[in-house]
Structure formats: C-alpha cells, structure tokens
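Which chain is which? They are A, B and C, in the order written, and residues in each are numbered from 1.
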Amino acid sequence: MEKTAGSRLKYLTELLIQSYMTHEEIIKIDSSNILNRSRVIDIVEKLRSLIFPGYFGKKNISASSVEYYTGDMLEEVAYVLQEQIARSLYYSSAYAGLGKEIIAGKADDICFQFLSRLPEVREHLAADVSAAYDGDPAAYSLDEIISSYPGIYAITVYRLAHILYELAVPLIPRILTEHAHGVTGIDIHPGAVIGHHFFIDHGTGVVIGETTVIGNYVKIYQGVTLGGLSTRGGQTLKGVKRHPTIENHVTIYSGASILGGATVIGEGVVIGSNAFVTKSIPEKTKVSVKNPELQYKLDDQRRSEKEELDQNAFWDWVI
Amino acid sequence: MEKTAGSRLKYLTELLIQSYMTHEEIIKIDSSNILNRSRVIDIVEKLRSLIFPGYFGKKNISASSVEYYTGDMLEEVAYVLQEQIARSLYYSSAYAGLGKEIIAGKADDICFQFLSRLPEVREHLAADVSAAYDGDPAAYSLDEIISSYPGIYAITVYRLAHILYELAVPLIPRILTEHAHGVTGIDIHPGAVIGHHFFIDHGTGVVIGETTVIGNYVKIYQGVTLGGLSTRGGQTLKGVKRHPTIENHVTIYSGASILGGATVIGEGVVIGSNAFVTKSIPEKTKVSVKNPELQYKLDDQRRSEKEELDQNAFWDWVI
Amino acid sequence: MEKTAGSRLKYLTELLIQSYMTHEEIIKIDSSNILNRSRVIDIVEKLRSLIFPGYFGKKNISASSVEYYTGDMLEEVAYVLQEQIARSLYYSSAYAGLGKEIIAGKADDICFQFLSRLPEVREHLAADVSAAYDGDPAAYSLDEIISSYPGIYAITVYRLAHILYELAVPLIPRILTEHAHGVTGIDIHPGAVIGHHFFIDHGTGVVIGETTVIGNYVKIYQGVTLGGLSTRGGQTLKGVKRHPTIENHVTIYSGASILGGATVIGEGVVIGSNAFVTKSIPEKTKVSVKNPELQYKLDDQRRSEKEELDQNAFWDWVI
C-alpha cells in the first residue's frame, strides 16, 4: 500500500484493536496454552503410519528395522501429543487451577493410556478393511482400500478420536474428526460408539451424531444421516441420547435418514435408499420407500407411444 | 525414461505445443498478471488469525504485543492482497487499457476498503459463533466451534469473499469460496447476501446460490440447497434473481431444497427434512413432507407378527 | 513423557510389534516398492499446469519460453510418474516375478503412452470448460471456471486417471480420483467412461460408479448418484456392469439417483431433482418426481387463513 500506506495501516490497526475490545469472546489473548491445530493433525498422519506400517511412512520398513522405526515414531508422537493434550486440559473446568506440573503429569498418563490402545484400534481397523473389501465389487485390493478409501480414513481418525473422547480430552477429538470430515465429507462425532467390521462406501454427506450407537458388521452409504429429530432444545439437550441405535448386520443405503435417540434399528435390518425413519424397526426387517411416483412427459409426436413405466416395482431390486 | 527418452520427450513436447495452438482458449500465455491461487488462499488463513486473534496464529499473543502483532499481520496481508487484487483487475473489462500505475492505485484503494470492513466481519462472526453454540447440543465451547466447526470456516470465508464481490474484484471471491467449499463441502456463492447469527450444522452438501438473500438468525443443516429452478437459460440468466429469499428466524432441516428467485420463506418458518419447496411460504408456518410411505418386508416366519408401523406420524417430532 | 518415559515407551513398542504380528494383512514390510501417495498427487498438479499452461504453474509463461517450459515440466512428470508406475506394477499379478529391469521398461512404455494422450485430454477439457460456461449463469469467465470450479478439477483428474485405468495401472488411478473426491466431494471411479462437454455443477455428493457410461453434452448437479442397485454380491459382482448408461444431451438435476447396469437414460432426457430411477427411460422424455405432499401448520391465530398451497404444480418449473 503505497504513499499513505503508513497512515492507512495505523488507522486499520486501531480499528481492529477497538473491535477486539468489543468482541473479546472470540479472542484468545495471554493464553500460553493454545492448541496448535496443525500439530494435532500432523499426529494423525504419524499414527496412521503406526497403525498401517509401511503404507504411509516415507521410508521403507524392513523386518529388522520395524522395532526401531516403531519406537522412534512412538516417541515422536508421544512427545507432541502429550504437549497438545496438556494444552487442551486448560480448556477443561475439571483441571481448573491445577499447576503446570500436575497438568503435565495428567497429560502424560492420558497420552500413555491412549497409545496403549493402538493395538485395539488396529484390531478394529483390520476388520473394517476386510469389510470394505468384501462389501465393494469396485475394490481391487486391501492396498487400494488402505491407501485410498475415504471411509477407511474417516473411520481410522474416528477410532483414534473416540479414545481421546473417552479419556475426556477437550477439543482435540473434535478437531481430529472435523479434519477427517474436511478430507472425506464424512462427519462422525467422536462421541459415537461404533463396532468392528464397519464400512462406509463413498461416504460424502454421511453424518453420525454424538450419541449414536452402532453394532458390528454395519454398512452405510453416501448421504446417510444418523441424527437427532430436532435440536431446537440447543444446549438443554446436552448429554441426552438424541441419535439412533443401529444393531449388528444392518445395511443402510444412500440418502436414508434415521433420526431420534429412541429409534432402534434391529439386527439384520436393511434400509432402502432415501428412507426417512423416525421409529424403531424390528430385527430382520427390510424397509424401503414406496418411491414418489414419477411423472413422464414425452414430446408430442411420441406422446401416443407413452407406455406405463411403473417405478414402484423396484422393490425386489433395492432390497 | 531410459534410452529413447530424449526422442520421446521431444515428440511429446511437440504434441503438446500443437495442442496448445489448437485450444488457446484454455491457455494463459504472456500474461504477467496471473493470480497466484495459493497466495490468495494463504491470505485467508492470515485474515482468520486477525479475526480470531490467538486461535490460528502460530505465536501466542499478549495484551502488550497484540497491537504490534496486528500491525505486522495487517501489513503482510495488505502487501500480498493488494498485489493479487491488482492482478485480478486485469481480468475485468472495467479496467481494460488502464496503466500499471493506475491499476495498482485502484487495487490499493480496494484493498484498504476491504480491510476497513474487518471489524464488521468480526461483528457478524461473533454472532455466528454464539448462534452455533446456542443451536448445537454437541458443542462444548466457543473454542471448539471457532477451531473446528466447518460451518464457521465456510461462513468466515464467505463473509470476506462477499466484501470483495461487492467491491467488484474479479475471480478472487470465487476462488476463496470454492476453497472453503473444498475444505467444508459447503458451497456459498460470494454474491449471496447473508445476515448475522447464521448457523450451518454439519454442512456437507449445502449449496447457496449467487442471488440468495438470507436474513438474521437463520439455521440450516447438511444437504440444504437454496438454488435455481432451472439453469437451462445459461448465460442469458446472468444477473436475474434465480435463488430464494429466506427471512429472519427461519430453520431449514437437512436435505431440503428451496428453489426459485420468486420464492420467499417468511419470518419464523420451519422447513422439515427433504422438503422440496418452489413457492413462497407465509411467515410462522411449519412445513414438513408427508413422508413417502415405507414398505416393510419381514422374513416369512415372522410375517404374521407384522404390525402397522405408521411413518407419517413423525410430524410432531420433526417440527 | 517424563520419568518412566523409557519403560513406558518400551512397553508401548512391544505392544505394537505384537499387534503387527497378529494383523499382518494391514502391514507392508520389506516392500521396497511402496507407492508414495504424496508424490503421485504432486504429479496431478504438474499435469494440470501442462494441460492449462499459465494457470497453475508458479512462473509466467511467454510464447518464446513455452516450449522449454513444456519440455522441462514433461521431463519432471515423466521421471516421477515412471517410477511410481513401476512401483504400482508390483501390486499386479500380471507382472508377478518379472525382474526390476523389465518392469522399469514396461512402466516406461505405459508412462509414454499415457503422456501421448494429454492432447486428447486437453481436447475433452476444452469442451468441458465451455460447457460449464454455457451452462452456468453464475460463471463470469473461462478463467474463473478453470481456476476455481470443483467440477472441472474432478473431471480433469478423472480424465487422467481413466487413461491410467485403461492402461491397467494398479492403485494410482484410484488414488488420483479419491484425492479429487477429497478436494471436491465428487466421487468419479476411474473406470467410468465419460464423453466430452461434461458439466458437473456444485458437485458435492456426486457419485459415478465404475461401470457407468456417459455420452456427450451431459450435465449433472450436486448429490446425483449413478450407482448400483445393490452391492450385497460384493466381490462376486466384480466386472459386471452394475451402473447405468447415460446417452447424449441428458440433464440430471440435484439429488437424483439412477441405478442399475441395465438402466439406460435415452438421448435428450431430463431427470428432475430427487428422482429415483431404476428402469430405462426412452429418449426425449422429461421425468420428474410427483413430489411428496407438503403439510402446513400455522400458529393458531392464523389457522383460519390457511390457504391450500399445492406443491405438485411445480412440474412446469423444474422441467
């Protein structure tokens, strides 16, 4: 900004400082404990290379080097994660007033508990990957699934974030799942409880709410919402079960919405595309939408030959 | 590319050069004024750290340092933004034939006007953040909302892009909102006019068209389209109001489509999930879809016990 | 991790190593041929700057320098791409047991064939860009479309990935399209066959399955699925045509689903928003949903004035 640059800059700076004083609620000043979002997200990539060794790390791993590799990587992760967890604890009333030392210690323990559960995360993800392979004719190999499927990425990040959520770590779990949401279009709240052999195909637009409970061998498609019926209660609804329960071996096709904390989808149920379900469904039921009738309009010279195209007979197909 | 590498390379280069000559419309040669997309996007992150100081900047800000910090950051932003705006002006017929000096001056003024409006942007965003907190039982703190909610990210970028759009800056506004679209799945055209206390929950799949007008205290969910009825008119429709008007205190649930430039959704209206609305709705009305009937199919041994599950009684729930 | 850090780290490392031995299917050890995902994605950006010269490259290109620029960039791309293709071939049974030299040679040839088809890609993309301009009243210039439209980004990456798919390169095609899926929310399988003048508006949530065939001058909107009817057959369905065929000059509005490998959408057909189509549609037909009836609820003092708002008359509008 040429010539008057100096004065303009001074003017703009004063304007902003005034604005800071008017809206302090969206400022973080004198906090030495700001989370470093990019570092937190960086940890995810390192954790993925610990979970799927050899897939995401830069360097090739040999049988002989794997132990050193793992040790090094774990130390790196632990160092950064412990620090970010410590910072996050300052956001929690539960830790209010505690000294730097004590909080560092707590963060250390939480970090350790978290990392001890990585084998459990791998256990689940191995099952999720095989579910993806079995469930998707377009999948050519486990390699392809691990290295490119958004569903696997979102579920990996969710499984990590969920453990931190269980350990009552503030902010970080949501930062992780919202990062995955940005990368994949799949929005899984870290509070959701999800069993093994979980497969999300395509995934864009999937929403899984905070109090959702999902069993094992569940398969869902793009645009599926597992949500609340209404959130107009706002903060008064905090902690209330607002999202559905999905039992084992349920398949939910694209665009279906299943809403409400009292809604239970029984074992083995199949929900057809675009179904809007707000009540419980008994086990082994197949639910499909009697699809809105389609209207056909042919150009005049062909109006005669207009044959009846019944669209509701797609029943046997979708389910 | 071993052995024949040289000759192959020569051949491939010639192929491409020929292709460049055949399709010059998708080339930019001899333009010293190409926008640097990554720089433009980089500015967004710097502006966010000016709007929410302490949240996104790398370094911690103290009460004493905030003025210097702000001044420095503003200078940085102004420097890059002024240059990119200058480059963008070469894309506008309104500036055709003007000299480098004059265009630089215009860019300088536009940049100044833009930055002077940052306090107004903060004013709106402070309201948007509090609307998010009040509206979402899953929100744990303002910190969480500011640091991880995609809706807030998309609205922040939109509010900045909209001012540049009002200042008739070419290209940059759309580059900014499409960047946010990529990050969040929320597609807000910079031309849309949106009031304060605006909240987008989850957000993936939201589309808000160029001529949409949205009042204050409006809340929308994932998959909502505020769009045109048909765009088969193509460029002939430029400038025409093609998208709806949403008045104050309206809530629009997931998957609803509201289409058409003459469509006005009155104050206090609530639109249920998946509603498809192409006509105006009077104020204080609650609109919901008589949901497509669901069909149930039980495995034979249980067909007997099939009870009527009426799905249309969800009315009182959704609204 | 203070004090007990050492022992904790040792413990955690052993835990993970055990876990690696239990789930070897999700490990890649002693493979010197791991694809480098970030390098593969990096190639996309370089290829875009070869396809749209002057738009994405860092440096400005002059008529005199374009040949050198192109040669240099091609050499760079060829070098990295050839290596990554070679690595990918180790994932394919077709190349099992072949020596490093032979595989390098094959990779070299594939890379050459791929790059020789860049002019064809430009041919198609020039048509796609003009289709976007003609079809979208919100588009201000070709520059805007090339530099910011997610549809163009997704189609560009698809067109490149599809050639690699035709050349039977493993993994890389899907890594590319899933990268674009992450960036744009548009999920196009590299196996799909798509003609010229293809336009995707907004795009978030679009899914185009592996065996989809799309003609020329086709236009689709956000949330459109071109999918399979059911994938419960899993891997047994591999290779079977599971996704629809869309003929020339078809328009498909937002949220419509067209499913099934036997489903053919005839030339010039228009499909309205949210239509769910599982059967073939004859040419020149306009299909729209008889939209689910809307229910209105006014607050008591206004219940009297409740007028009939017929929502099914939107027919003439949407189509």
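Basically, a residue touches a chain if its C-beta (ideal position, glycine included) is under 8 Å from a C-beta of that chain, and two chains touch if they have at least 3 such contacts.
Since we're looking at a predicted model, the values are computed, not measured.
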- Query: Same residues or different residues: which describes how chain A and chain B meet, taking over half shared numbers as same?
  - Reply: different
- Query: Between chain A and chain C, two copies of one chain sequence, what rotation angle (nearest 5 degrees) aligns their Cα atoms?
  - Reply: 120
- Whole-Å gap separating chain A and chain B, where each centre is the average of the chain's CA atoms: 22
- Note on the structure: Among all residues of chain C, those touching at least two other chains are 185, 204-205, 223, 255, 274, 289, 291-292, 319
- Query: Okay, in this complex, where on chain C does chain A touch?
  - Reply: 1-2, 5, 8-13, 15-20, 22-23, 25-32, 34-37, 91, 170-171, 174-175, 178-179, 181-182, 185, 187, 189, 191, 204-205, 207, 209-210, 223, 225, 227-238, 240, 242, 255, 257, 259-260, 274-279, 281-282, 284-292, 315, 319
- Item | Parts of chain C lying in touch with chain B, wherever the complex brings them together | 50-56, 58, 60-63, 66-67, 70-71, 74-75, 78-79, 82, 104-105, 108, 111-112, 115-116, 118-119, 122-123, 125-126, 129-130, 133-144, 146-150, 183-185, 201-202, 204-205, 222-223, 251, 254-255, 273-274, 289, 291-299, 302, 309, 311, 314, 317-319
